[in-house]
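Each chain gets a letter, A, B, C, D, E, F, G, H, I and J, in the order it is written, and its residues are counted from 1.
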Amino acid sequence: MAPPLSKILETFDNQYPDRDYTIEIVCPEFTSVCPKTGQPDFGTLTINYVPEKKCVELKSLKLYLLQFRNEGIFYENVTNRILDDLVAALHPRRMTLTAAFNARGGITTTVTATHKAEVHGK
Amino acid sequence: MAPPLSKILETFDNQYPDRDYTIEIVCPEFTSVCPKTGQPDFGTLTINYVPEKKCVELKSLKLYLLQFRNEGIFYENVTNRILDDLVAALHPRRMTLTAAFNARGGITTTVTATHKAEVHGK
Amino acid sequence: MAPPLSKILETFDNQYPDRDYTIEIVCPEFTSVCPKTGQPDFGTLTINYVPEKKCVELKSLKLYLLQFRNEGIFYENVTNRILDDLVAALHPRRMTLTAAFNARGGITTTVTATHKAEVHGK
Amino acid sequence: MAPPLSKILETFDNQYPDRDYTIEIVCPEFTSVCPKTGQPDFGTLTINYVPEKKCVELKSLKLYLLQFRNEGIFYENVTNRILDDLVAALHPRRMTLTAAFNARGGITTTVTATHKAEVHGK
Amino acid sequence: MAPPLSKILETFDNQYPDRDYTIEIVCPEFTSVCPKTGQPDFGTLTINYVPEKKCVELKSLKLYLLQFRNEGIFYENVTNRILDDLVAALHPRRMTLTAAFNARGGITTTVTATHKAEVHGK
Amino acid sequence: MAPPLSKILETFDNQYPDRDYTIEIVCPEFTSVCPKTGQPDFGTLTINYVPEKKCVELKSLKLYLLQFRNEGIFYENVTNRILDDLVAALHPRRMTLTAAFNARGGITTTVTATHKAEVHGK
Amino acid sequence: MAPPLSKILETFDNQYPDRDYTIEIVCPEFTSVCPKTGQPDFGTLTINYVPEKKCVELKSLKLYLLQFRNEGIFYENVTNRILDDLVAALHPRRMTLTAAFNARGGITTTVTATHKAEVHGK
Amino acid sequence: MAPPLSKILETFDNQYPDRDYTIEIVCPEFTSVCPKTGQPDFGTLTINYVPEKKCVELKSLKLYLLQFRNEGIFYENVTNRILDDLVAALHPRRMTLTAAFNARGGITTTVTATHKAEVHGK
Amino acid sequence: MAPPLSKILETFDNQYPDRDYTIEIVCPEFTSVCPKTGQPDFGTLTINYVPEKKCVELKSLKLYLLQFRNEGIFYENVTNRILDDLVAALHPRRMTLTAAFNARGGITTTVTATHKAEVHGK
Amino acid sequence: MAPPLSKILETFDNQYPDRDYTIEIVCPEFTSVCPKTGQPDFGTLTINYVPEKKCVELKSLKLYLLQFRNEGIFYENVTNRILDDLVAALHPRRMTLTAAFNARGGITTTVTATHKAEVHGK
């Protein structure tokens, strides 16, 4: 998967930067492809973050996630990859990404990763 | 949206100011308008606060929220705006506002903001 | 509402005073009257306490709550009033009262108040 | 409410007219205004129909329902009115409209009306 | 319980008498008194009817049901009594009343009664 | 188990014999003993009947069911036995008894039996 | 899978042969093996029958189903096979077997088969 | 979408053709593309059929449905199209296809179509 | 209730004493008798403990709980009594007993008690 | 059960070792055999871990768990055994294993064990 993926993400200015508040975005229609079997994977992404100067624009987020529709990528990597891309675009005070994938072979997998800005206290 | 909005809010005296207790108000019928598309947004507001001297009168709260019915305002801003208006009217010891908006384009957004009074300890 | 209300509450001796244990009582059939409109309010009371020397007898608790059936009293006040009456009768180590009232005008209200005994450490 | 309301409804040709099949559309974000109190009502509309030559276009349906947002109209009438408008636009073989309105004063109301085409047998 | 109870019920004209449609009203806050023990009973009433010339006005229905708040009456009788009163006031084409009472002594009771107009076919 | 069991059942007169209406009684706390293992069985009994001249009095029903608490009896037999006893006491127009027993060895059993009065048409 | 499987099934006499009543047995812990992949399948069996002269003894039923634990057999065949074995052992008036298998590859399968005795009317 | 799509479907012989039994297959991970907006649609397909001589092989069904992943097709058409393809491959005695699509613009759509074989009685 | 009750409890050796791990046992079929009314009480016991040298054997636990079936004992006392008996038999590092009793008179009671071993740190 | 069991477990390299992130794997189809009765046990395993250098490959995990299908082993031991095997294969920073077994004799058991790496701080 090529690097320009995160360029699709658009942001808008946080109008309330003086307050630590939380934005949670749930995307139950995420789908990518298993790199081993070539079969599609399905899951629900939950993005939870405290914005610094930027908030993510939802339509661009949808288009960004759509880029994974036909990409082959493992559960653990897609979770960390999306977190990295969102952190690069938003520089949030804190962000947690949870990716809950549908059962395969009777087994369900959920991956959760968190980023914290180093400078911002609390 | 003009400033007189918060003037609609009425309060009554907290009869138990010596005790830190919590009032949670859930409004599942909140609706405003998306400033980009002009389409209505729907969501559930949850107001959770510890009163100081004032409690919010419920009928006036309903009328206040009704003012947003035909206003165009973004998710993040409507949440912080309502929190600011309620804090200005009630000066609560602590207040958290959670606004859970219905799915648009398969994506659900919840915004949570908290205010704490500076003087009051604990 | 006259003061003799709490006289209805009966207690029995806590047989295990050496242990901090919790008793939770849920009363989903609480009803009082709105002092403004004269219409009945309905709600669920949850009493959660650590007994000191006394436990509340359930039949007397039911009769006590029944006294509010035709009384006009606001949500915030009924919650604090019942907590005060129970604390006066039981002197519990800790007690939390949660009153979750049914929706009125599309708005639901829950009031939660806590009492802690001053002497008893933990 | 003026008659041009139903003109907003657009249709597209049913590609499988030889088969009796069912289309169910659920709109959980319907809102109108109570003509008595001026307060907003909220409800879920469920449209279930067997198309003849026409199917309803979903975006135009959404715009049509949006016309009721600031109209004052009773539960029973809004249900029959929408059914009449949809029947006039689609001439379906069979259509049932269910309108489930949120609780007011602790009372919930659901209105269900059905239209059957006279000519089409089964 | 005296006969003037049903006089409280108000009606309004059915605007769509040519169509057989259904109105379902759910009242989850019904309460009366057990004539044996004097203790309050609680239950949910569901009224489902096809109107002829009259529909029941909801506020008057609420006031009517409120009359039972302090009346002593058995489950089976209260159900049939309310059905009789509503039929007398509305002369509906068909009406079913379901009264689901909360558990007493670990036993839950639901009573269901139906009235059909004799003249009206189908 | 001796025959006098059903003598415990008390009845009261059906005040609305001209109407076919349904009474459903759910008893989720039924318990008897497995005649093979001597271990207790637990289940939920649902009694659904149309009364003729008699309705069952709930307190006596509870006492009647309590008689099985320490009796050894198989699922299929307890269901038919209770149905027979209730039919003998009430002579209902129609009665269905459903006994849903808790899982044993990972297997759940529900027995359902119906009695219809021979004379009463419908 | 060899024929002696059904020999494990034991029965006991139906004590109420004069009445058509229903016995429903739910076995949520059924497991067999996919003949193609060698991987285990899991599912819930629901057996619903009206007994003639015989009822199935539950412990023997459990042992019978246990025989499939390491057998390779397709969904459609295991359902019809078990139905055939139970019919041969019980000669019920009517029996329906539903086998709901857990998802494989994101796809869930439920097979339902019914047997009716030819002689017995209704 | 080109005609060879249905060629992917593989079948196996029904081993119990003498019995009318039902196979229900639920596919909660169906996705296609909206031909108007180019955005992906998501939904749950439920296939319910009585086999004649052929049953559908599940892995081939999964591959067949996968062909729609990047195809633009309307809700109503995709439902009827898949039903036609499955009927052509299996010639079932009866088949119902239900396609429940996720909400778009706050509106949910479910399409249900049924095919019955002309020759087979009952 | 006589002291030999706890003698029924059997234990087996904890094979992993070096690790603090938790065993939770849920018994939804607990029943005793109300000492006041003589009527049976029903509830769900949840035992959660960290074993030291001993684990409780489940069949003996079941027999132990069965001893309360016909004993008259109050909610608060039965909870503390069972905790004491289990602690005496197992000497666990930590044990919490939760007893959730079914509603009586529309009121539900849950009692929770905890024991911690004094020596064992964490 | 012989030691080579854990040799089946395969791993792949953690691509994001610099970040503490969590992988949760749920296996609702675990089955082993009770060593006392020879009857199968069923349960749901939940594995929650923070990877160090290795992640567990899911297909090998499934094959590993399949080894217990016909093994006789107690609840407490199977939980600790699987945790030990996974820790030996993955050397995770933290791992918790929860095994929730289905009810036997009306009693449900859940065992939870945790391993923490000694070196890795947090």
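The rule is simple: a residue touches a chain if its C-beta (ideal position, glycine included) is under 8 Å from a C-beta of that chain, and two chains touch if they have at least 3 such contacts.
Predicted, not measured: the structure shown is a model, and the values here were computed from it.
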Selected interface, F-J versus B-D, where C-beta contact pairs are more numerous: B-D
Option reproducing the contacts of A-H, where over half of them reappear, out of F-J, B-D or D-E: B-D
Centroid spacing, where centroids are CA-atom means, of chain B and chain E in whole angstrom: 38
Distance from the mean Cα position of chain G to that of chain C, given in whole angstrom: 53
Intercentroid distance (Cα basis), chain J paired with chain C, Å: 45
Chain E: positions in contact with at least two other chains: 28-29, 39, 42, 62, 102, 104-106
Residue numbers on chain A that touch chain B, as the complex places them: 14-16, 19-29, 51, 55, 58-59, 61-62
Residue ranges of chain E in contact with chain F within the complex: 75-77, 79-80, 104-115
Touching residues on chain B, where the partner in the complex is chain D: 28-29, 31, 39-40, 42, 62, 66, 69-70, 102
Of all residues in chain E, those that touch chain I in their complex: 39, 42, 102-106
